[in-house]
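This is the structure, below, for whatever I ask next.
Think of it as A, B, C, D and E in the order they're written, each chain with its own count starting at 1.
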């Protein structure tokens, strides 16, 4: 729906609210108190822990009183509101600053690999594919362990989302630059860009730019959830990630295209992660892909896209399969929000749940090879040891099972409960050896 | 402060139209439990039509009686248990149809009534209703009456197409084989102009309906594939050891309730395993048991027994075939 | 259990509230095996009554002299003796019935009802109580067997105690005299017993 | 130590003695009755099975175990051959009566069977068993739906398998017995 | 060869056709009581198989040599045929109790792992009627059988016992699988527990009816009808007829 529309720039909002904890790991501490003046890219939150990432102001302006809020993911965090001053970059200039302009492959050779990781950390880059895991941690452990291949994940996470697609079309060079830098930071891994086979235009764009760099562009089948690392790594390399393991365990590291572009900007231009490309689609009047400041209210994005249509019934941050429903339109955009999908009543309405008839559709569709129906039943009856035996912890929460279930059983929720419970049990067991 | 974001401050700011809910936020619409049951009924149509053509009045009357009995017993039981009514999901109709199709046309009315009631009650209601039963309700009903009224359950007559309207007494193809060593022509087995239970006579009708079910994805193709595979292998081996020109492996495949059973009965999702390997195991198990019973036991046919036996093993099969998660190997999990 | 119940209470308790079959799920094997007709079921109940009375009486009489570690040995010895006597009696005077009951008479030796009563009641109580207890439990057992046998014989053979009660046109439910029918009847009757039990406790509660 | 065992076990010993006496008494009192019951079922049947016979006597013909039936004058009037085999549901035990030449079957009695009541169990019906009377012992018998031939037996309705079982038990036993008889010197 | 076929038939009969639990209703207490979980059910199955084999061995030996009328040992000792069969039941129950003790001791000593996995069930088995039933079945084929050709030897007795144990294991394991699944089903309250277990056992018994006659079928295939025609050349018998 929005893959044909070029990235537009959201006009500078008058005010942004930047949550400090947008990633997996320790929360950063606020470093800009109320009433201080901050400039574009200045740190708002700083962190001491290794697995964490700083947060930067996307605007020049004045910091207001900090608040706390709950993100749709359920994370509670301190947020720093910043009201914009008049001198912010906007429009084309901003786009050029972040994605456009000239990206010179030659400069990459001169960068010291340690420097890359340090810059990435300083720029607050976290995985933009949705997991929001701090990227420098990934790069450093990849270097320590030694990886052979860096996969740039150009699959579109979910149906409806097109941000990554546009990015590959419009900023292919930035993405590849970031990939080269990341590979260098990992100790010189080979690079493959994985793109789904319904985005051949992106493949062509990437191939054009990749000429002479040794980067391979690989097409993979268009099938949700191909973007998940557990599916992607085998599809590209033929290697299976062991249960409970990471791509690192098979010598691979995966980063998202947005992450790659952010790395390029951080290392070559010294810019922090302050903006991201977001798909706004569904029941809005002018769906599209926006370059928006992190911390902007979702309402601003939706309004810029012409507002929601009357039959809108639910707004989802992320994609329709794994995203989180917004309870509040003022919820700020975070680093991990790849899209805003406005669903209509008929999309979200579902028949009443009935008994599982063991049709095994969920089993057939589960990309991880689990038996969702049995895990869900175990969770419902609180039989945790049974859930454990059924490998509940391996679920990637892709939602495929719940999508196909003819009995409309909320499988993912039940499995998530089991996962959480099992993690808890494991934790207490570890504490009491 | 007043417009600071957060659930606490501005609940559902915009519109009463907005709702929150857990992911995934969309569901596939092409299937629901009811649609699946409707599919089975559609797929049974060729079988039902053939049974009308061959058994005439017997077929109509048994099908009606069984469906009405099944639906009313289910409705009544749910009332009695003070549970919400469940007949609208259509599974009781399917049970009734399949039960009726597994009866010989000449079965007396009370056999039908008792069997249908026993099937729904003992086979389904006591386990808690749709989706919870261990055994195939139609086969529980059939086994109940087969053991309760063995004499009445012999297929002893049908309306012959070749001679008009009389009720002929003739052995079913399998009984003729077992007791008199007689064969039946493949053409008859295919078209269904033989004696037997209402739904089992025509191999062709079962195949047509069965392929529809598998193509729709309502039934898992792995189960019938497993059944047919096992029957083919075992009967071919037996044929090679002891060739019987009047009864080839093809006869074994198309005679008796094998095809009806493989496509419509073994595939009952509720009572079969859910894992892929489990479904193969289940199908192959049924095929093997059918051949064991046909060759060795006192009964001419073994579909019903095999289905019930494998139903009983399905929970075990499921347990032993829990697939490893992608890339997983047991014991490799990180603590 | 509390143990100063009078003999009469003991007797009554065994019949319904502590029915060995429905409430305690004891002695299941003979319960199912011999209930395809009333005659066999009642003969079995008689044998159980005899053994239980005998064993309870003997155990109760010698209860003061019992050493704990020899207890089970003495019980077993006593029970096996009485069972042998019952078995021989049937073979001598009711030969066809003895053949019909077959191994289920000797199986009374391991019938849990008897060991349970010896252990719980007779080894602690006076002979009078022990006898009342034995009779109550046996009556409870007999009633349970009778209920199952009634269902099975009427449906399965159209008769009750050998007397035809269903019309001649009745087609016997052969399954009822076979093992499957025994299990099904037992399961459903247990369900009904539980259901009545809950209804009773509910109405008491209000 | 040992003494303690004995002092503790005295009760057991006493009981055991008591029980042993009781059992001995029971055995003495009822044993003959029980034996008589059993005998009545086998040898005791002979007068009813073999026309003219008044008593039977155990005998081994070769390795085959049979009863000889004698009339009041002490002449042999027939043989009674016990036989077992697998029926539809469980073992079937038969007594087969042959004339003294072992050329004709003179009767059949079902000692034990657990076939389905109403179906296979009908093999005990005198009506059905009567078919065997007068059938030749020299030819194997066959089951058929409508018995016409000299060596054909009509199946019990709905219980072809039980009928076949009985017939094959009879065939096997009779053939074996006749083989044994052949080499047997009296 | 004939013996092997006989043993095969006994085995199939004991394990499938006349399954101890589903056909003879013995061993119901453990079948109902210990079938809630698969692992305990398996343990119980093996424990019963083990004890039933040991107890049957002992009871066959005692019955064959000592207890039955005309048993060799008593005849030799007392110089006349005596019938001690009145002691059968008492002897069996002691044999069972002591084999349980013995098996437990032995297993604990030499197979501690095995003991950990099913040792706890052993004492429970003492009062399990399946074991006594096996002893009684063997007795039926040893004691008081008039035709010596039909008296069971040790191989028959052990085959019956072992495969009865296997049949018990099959039944209890299937039952445990089903009950684990029923744990998550919405069974009406009055039927929960034993009620539904009996219904399941009933349906299992119906399903096992399908095996009826398998032994006969096997026999037909393995022992082709022993010379129904050829064995008695009627001409010769006819000629002998006159001599009799």
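Note that a residue touches a chain if its C-beta (ideal position, glycine included) is under 8 Å from a C-beta of that chain, and two chains touch if they have at least 3 such contacts.
Predicted model only: the values in this text are computed from it and were never measured.
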Shared chain contacts [chain A and chain C, defined touch]: B, E
Chain of greatest Cα-centre distance to chain E: A
Central subunit by CA centre of mass proxy: B
Farthest chain relative to chain C (centres taken as mean CA coordinates): A
CA centroid of chain D to CA centroid of chain E, Å: 24
Centroid distance [mean C-alpha coordinates] between chain D and chain C, Å: 33
Averaged-CA centre spacing for the pair chain D and chain A, given as whole angstrom: 85
Shared interface positions of chain E, touching two or more other chains: 86-87, 186, 188, 191, 196, 199-200, 202-203, 206, 209, 212-213, 216
Residues of chain B touching at least two other chains: 122, 126, 129, 132, 144, 147, 150, 298, 318
Residue list for chain A, restricted to those that touch at least two other chains: 355
Overall pattern in which the protein chains touch one another (line/ring/star/complete/other): other
Touching pairs among all chains present in the structure: A-B, A-E, B-C, B-D, B-E, C-D, C-E, D-E
Residues of chain A touching chain B in the complex: 17, 65, 67-70, 79, 81, 230-231, 234, 240-245, 297, 299, 310, 312-316, 318, 320-332, 341, 343, 345, 347-348, 350-351, 354-361, 363-364, 367-371, 373-374, 389-391, 393-394, 399-400, 402-408, 410, 412-413, 426, 430
Chain B-facing residues of chain E, complex: 38, 173-174, 177-178, 180-182, 185-188, 191, 196, 199-200, 202-204, 206-214, 216-218, 221
Interface residues, chain D side, partner chain B - complex: 88, 116, 118-119, 157-158, 160-161
Touching residues (chain side chain E, partner chain A) in the complex: 183-184, 186
Residues of chain C touching chain E in the complex: 25, 28-29, 32-33, 76-77, 80-81, 83-84, 87-88, 103, 106-107, 109-112, 115, 175, 178-184, 186-188, 190-192, 194-195, 198
